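Worksheet: one structure, shown below.
Which chain is which? They are A, B, C and D, in the order written, and residues in each are numbered from 1.
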Amino acid sequence: MFPATFEYHRAHSVKDALALLKRFGQDAKLLSGGHSLLPMMKLRLAQPAHLIDIGAVGELAQIAEEGGKVVIGAGVTHQQIADSALVRGKLQALAEAAAQIGDVQVRNRGTLGGSLAHADPAADYPAAVLALEGEVKLEGAQGTRTVKAQDFFVDLLTTAMNPDEILRQVSFSPIAVGTGCAYLKRPQPASGFALVGVAALVSLGRDGSCEKVRVGVTGLGSKAFRAAGVESALAGKKPEANAIAAAAAHAADGIDCLSDIHASADFRAELARVYTRRAIEKALERCAR
Amino acid sequence: MAALPKFIGQPIRRREDPRLITGEGTYVDDVKLAGMLHAALMRSPYAHAKISSVDLSAARKHPGVICALSGEDLAGRLPSLPCVAPAQNVPEHPALARGKVRYVGDAVAIVVATDPYTARDAIDLITADFDPLPAVVDAEKALQPGAPLIHENFGTNLAAKAEMTPPGFDKAMSEADKTLKFRLVNQRLTPTMMEPRGVVAHWEHGYKQLTLWSSTQIPHLLRSQLADMLKLGENKIRVIAPEVGGGFGAKLNVYAEEALLGYLAMELDRPIKWIETRRENMAATTHGRGHVTYVEVGFKNDGAITAIKAKFFCDMGAYLQLLTPAIPSFTALMVPGCYRVGALAFEQNLIFTNKMATDAYRGAGRPEACYLIERTMDMVAAELGMDPVQVRRKNFIPKDAFPFTTAAGLQYDSGDYEGALNKALAMVGYDKLRTEQAAARQQGRYLGIGVSTYVEICGIGPSALLPPKLKGGGWESATVRVEPDSKVTVLTGVSPHGQGQETSFAQIAADALGIDIDDINVLHGDTAIVQYGIGTFGSRATALGGTALVMALGKVQEKMKTIASRLMEVPPQQLIFTNRTIALASDPSKSIPLQKVVEAAYGYKQPIPGVEPGLDASAFFEPSGCTFPFGTHIAVVEVDPQTGAVKFLRYVAVDDCGKIINPLLVDGQLQGGIAQGLGQALYEETVYDENGQLVTASLMDYAIPKAQMVPAIEMANTVTPTNLNPLGVKGVGEAGTIGSTPCVANAVMDALKPFGIRHIDMPLKPEKIWRAIQEAKQAKKG
Amino acid sequence: MQVKITVNGQPREDAVEPRMLLVHYLRDVAGLTGTHVGCETTLCGACTILMNGQAVKSCTMLAVQADGAKLTTIEGLAKNGQLHPLQEGFWEKHGLQCGFCTPGMIMAAVDLLSRNKNPSDEEIRHALEGNLCRCTGYQHIVEAVQYAAHKMR
Amino acid sequence: MKVSGEQVLSGSREQVWELLNDPDRLSRLVPGVQKLEILGPDEFAGTVSVGVAAVKGVYSGKIKIEDKRPPEFYKVLVDGKGAQGFMRGSGTIELQAKGPNVTLVKYAGDVQVGGAVMQVGQRMLESVAKMTFGQFFAAADAELKASAKGVVARQGILINFWRYLVRLVRGFFARS
């Protein structure tokens, strides 16, 4: 309940923050909403020597449409995403994931960038960001680069970010006509984290078959992932119950599933299959042409 | 002035609330004293280990640290923590571990510093070396030969054993047409009151008096035990239970920190505060339940139970806290439930394990019994292909059989079990529901209807039933003081922490004295203000404390009538209290204002010669027996067979707690109790791994129900008064918890009936349900 | 480090250690003990306050993160001696027993009613998922929030 | 906590055995080793920083190797503690030659973890263990390959050793 001591630095711009990161290197952690980092600091599991507070960096806190893309700043809170008409209209699964994170107090403080950079294996966002094929823009001393969602999540609490980089924003192509998406989750009853969370995106072709299928799964393995087996099994098929179920059966293929007192590995895998099916069905319901 | 209403029976909003809804209540952590220091404890990360060394030097050198002590430093200076309940093997229980640690969370060292951050920093500077020993986690395995011993001096992990096989038992069992044997697990639970424990200790050197604020349910009993431990007169310790943020039995105890802070405040001559963190609360505040029971039940083909045999393995944890070994005895006594069970035999093994001690937790032994008998009823029904409701009706103790002595030897005061059942069945529309259930099953939907008809024991007395070492019996106390301005102060020996006696007791006093509820102030929880009392636990406060209040009010009334009769020149027995007056019963217009009587009593106007001045009275109520509230709960659930998830469709509760002082408070107690009970059925379980590591060590992993996990409860009452107290009240604090757990478990099992599933142990987590369904499907195929 | 924080309408300026949690600042520096600490893992909600009008858990913020913010705690909810409708609702409907979770519960409900004037029972239960209560079983809390919602419409 | 797995390394069984018995090289390859002292034959004292991202703890303790059967088997006993908890347990390493320059390493361990890490991090412990093994074997494989080419793989010669490792780890935990 009482964090260890640290030095506190307030950044007023991304440039500021990058300079501080450069100065303190591995000893520093970025603090945005603080809802991933502070809980660990209170338990003294994390004891960074320096905290760089980017909570007041306004340039990170925007949701905008730019060049046909929806661009969400790293500092945008979960609640802002859940409430945003733009996100709800064009990236429904992301809004649904945001709305199911923690509780309203957490959503009011926690940020998209903080959650993604933390890469908790049971976080909600990654599933949606994967299914919606978000692109993560990172800025470092060397300049900026863009990483595709499927390359961003590397392992447990590990992303493709370098220690001297800041997550600036995530951009998405808005879902097209004839496309539906959804995020469904089975929460762990105590923590509210996802035992399993599945985001699905389906586009129906003119012939009524599944033209494009994207499935992101969280909570199952040590990182969120795209369920490629599901995607390829359903792509090109008519969205009939049997085909969906057969495709969803691949949701946990090749995954070394997490196991804890709340759900063993094989139950998690089963939940992933069931929720994948249900998420696809929900996405299909929303495929208005 | 307008006529005053009667208050008893009315849903009066609570008089405690204005301070609590504005943030002005004072909990222990809100107590601030000049020069106050802060304590933190270093706790064992091992379940079982020898302590090789504890090096406090770095902690002591840390700026801001005032003192740091280990168990060895306290040897001979602070005696063992008390267990007042009898057991064959009561271990030494030092406030800080000496020689060995015996559970994860066992306190190893204490640090006192100028602020809590520094105290916490210093904990990280302590170097302790442990030599780990194999841990005993499973109570049944703890009795096997060769199991590691937790207290070597006993040569066994058995704390106590109790057996009872009455003559004629075997005959009763042999008369059964059928028998069933099964094993039930009543899992260990973490009470999880929202306010963790906390203590502030203040030694007033000049007065040689210790004041101790503690988040406790038993200020007086705590004072008595601390006086022993700290070698102070009971008149030199003042224990204050300020606002207490929930207890549920886990604050019915005497904890190491209370003794440690009292001791250190005296040693250091500085006030000290210690506030438990949530992780400490999960690890080092008593747990509840933790029984494994082997049940054998014999029954006739018509469902009549001829005999029940129950063999218990009760997990005590590593030490015996205040009442640890007493809790299972309530289970044994309540096994027959509301049924005419032909004969009952039991064996109880109370067993040490390398875990936190268990002790009272909402229901304290009775939920275990109720779960046992109510699951048994459903097992019998399933075996016979009968409706569970019919099996219950077959065995009920009939309404006209009270007082009734059960197979366990308890005398039940009153009851109408069929009445509550019928009301609940009508509310839920039972027959129609069964039809809907059958239709749903046709569509592959798994609806379950669960019934429990519970009875419990409250207001536990007479005093002979309680252990003498407790230094308090089964009675309760009250003082009524009519102040010179006619305002009334009530001092109660109970120690409410959410139950609302500041309101319900004011209702009782207002009606008795014919005054307004706002003219009454109910005080409690301060041993320097209130006469000795026992406290709030076991659903006893209103049945016992309320009765003591009625008695004290009676004494005050007598005196006031005496004075009034002299002033009015009428016989005292013709007088009544009404509308702030004392009036002639036959003609209330002939009256004297209460204030006139008070003035006379205090002698500042019209003193009455021969009447002792003053206007207060105390009373202690010793009950002649216990009360037995009861009811019927019905849950309707739907199980998702694909994921094992359980969804509530309905929850109906019909409860009978005797007469009701304040229906708002009764509903609140029941709703909260039901939520806790369904928490046990579906979500809660204290998990230690095979090495004795506490896995449910924070609210991240221990799931207490959240708002959306609890259904809206449809409530109703029946009223069957008790004649054991003048109020006719029975008690309601634990009823909801006791009734709801088996009700929900029975509902889930009923939903799973088409799969041929008879029983799954709690908590009924989705995975367990899903797995049972998979196994049942496999078995069918195989 | 120096922080300027407006608490219940009163601007304050205090020197705090960077590691001081906002809840400790409120309780120990500002002396407002109505905001409680019930857990360590951002789950119980007893420490909920409003920051710039939104419910936040003050145990999971550093005081320095609130620099420049406007905070409302339970002590600041009643105006001119007049209870907030939610406070009234909790009182009328017996929405509290031990009272420990109540300040946080009320503050979370303030956030809900600021977003949703006409919540269903289900929406209320969902909105309070970040606030644990062990006493009431939540039913009276739901009724309390409905009482306030009705009164505020 | 039980951990087990197997891993193919690019080296002969003898080379792998040698590597897995070389404290100098191990202290370089095991992630987070800050200090490794030789206390005696097959007995070491060390300080290791274990963790992922911001969650890190420094543990000091002893490592003992037993039941050695070169070049195919040994048992390792670990007993370490730090401010956030302790780790205690044992594991076995088994080597099987799968080709002239291919060795299969089978490992299995049963580790007891206690303290704060256990209390709040239990859901991630197994993954952390797997990751740590993954990182170690990635580094070991790089070392074996490099020594075959006659160069020493050290953190310094890689611009971003971390990212290199990560890529390798991903290879091991490849998800189709």
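Definition applied: a contact is a pair of C-beta atoms (placed from the backbone, for glycine too) under 8 Å apart; a residue touches a chain by one contact, two chains touch by 3 or more.
Here the structure is a predicted model, which means the values were calculated and not measured.
Taking A-D and B-C together, the pair of chains sharing more C-beta contacts is B-C.
With centres taken as mean Cα positions, subunit D sits 30 Å from subunit A. Our note on geometry: subunit C versus subunit D, Cα centroid distance of 48 Å, whole angstroms.
Chain centres here are Cα averages; for subunit A and subunit C they lie 29 Å apart.
Residue positions of subunit D touching 2 or more other chains, listed in rising order: 83, 116, 120, 122-123. With touch defined as above, residues shared between interfaces to two or more other chains in subunit C number as follows: 17, 19, 37, 40-41, 43, 129, 131. Within subunit B, contacts with two or more other chains are made by residues 117, 124, 277-279, 695, 698-701, 704, 706.
Pairwise, the chains that make contact are A-B, A-C, A-D, B-C, B-D. If you check the complex, the residues on subunit C that touch subunit A are 1, 17-19, 21, 37, 40-43, 45, 48, 51, 54-57, 59-62, 64-65, 108, 111-112, 127, 129-131. Chain contact summary for the complex, subunit A toward subunit B: residues 1-2, 4-5, 43-44, 186, 188-191, 261-264, 267, 270-271, 274. Across the interface of their complex, subunit B is touched by residues 81, 83, 85-86, 88, 112-116, 118-120, 122-123 of subunit D. For subunit C in complex with subunit B, the touching residues are 17, 19-20, 27, 32-41, 43-44, 46, 73-75, 77-78, 83, 87, 90-92, 94, 96-103, 106, 121-122, 124-126, 128-129, 131-142. On the side of subunit D, the complex with subunit A involves touching residues 52-57, 83-84, 116-117, 120-124, 126-128, 130-131, 134, 160, 163, 166, 169-170, 173-176.
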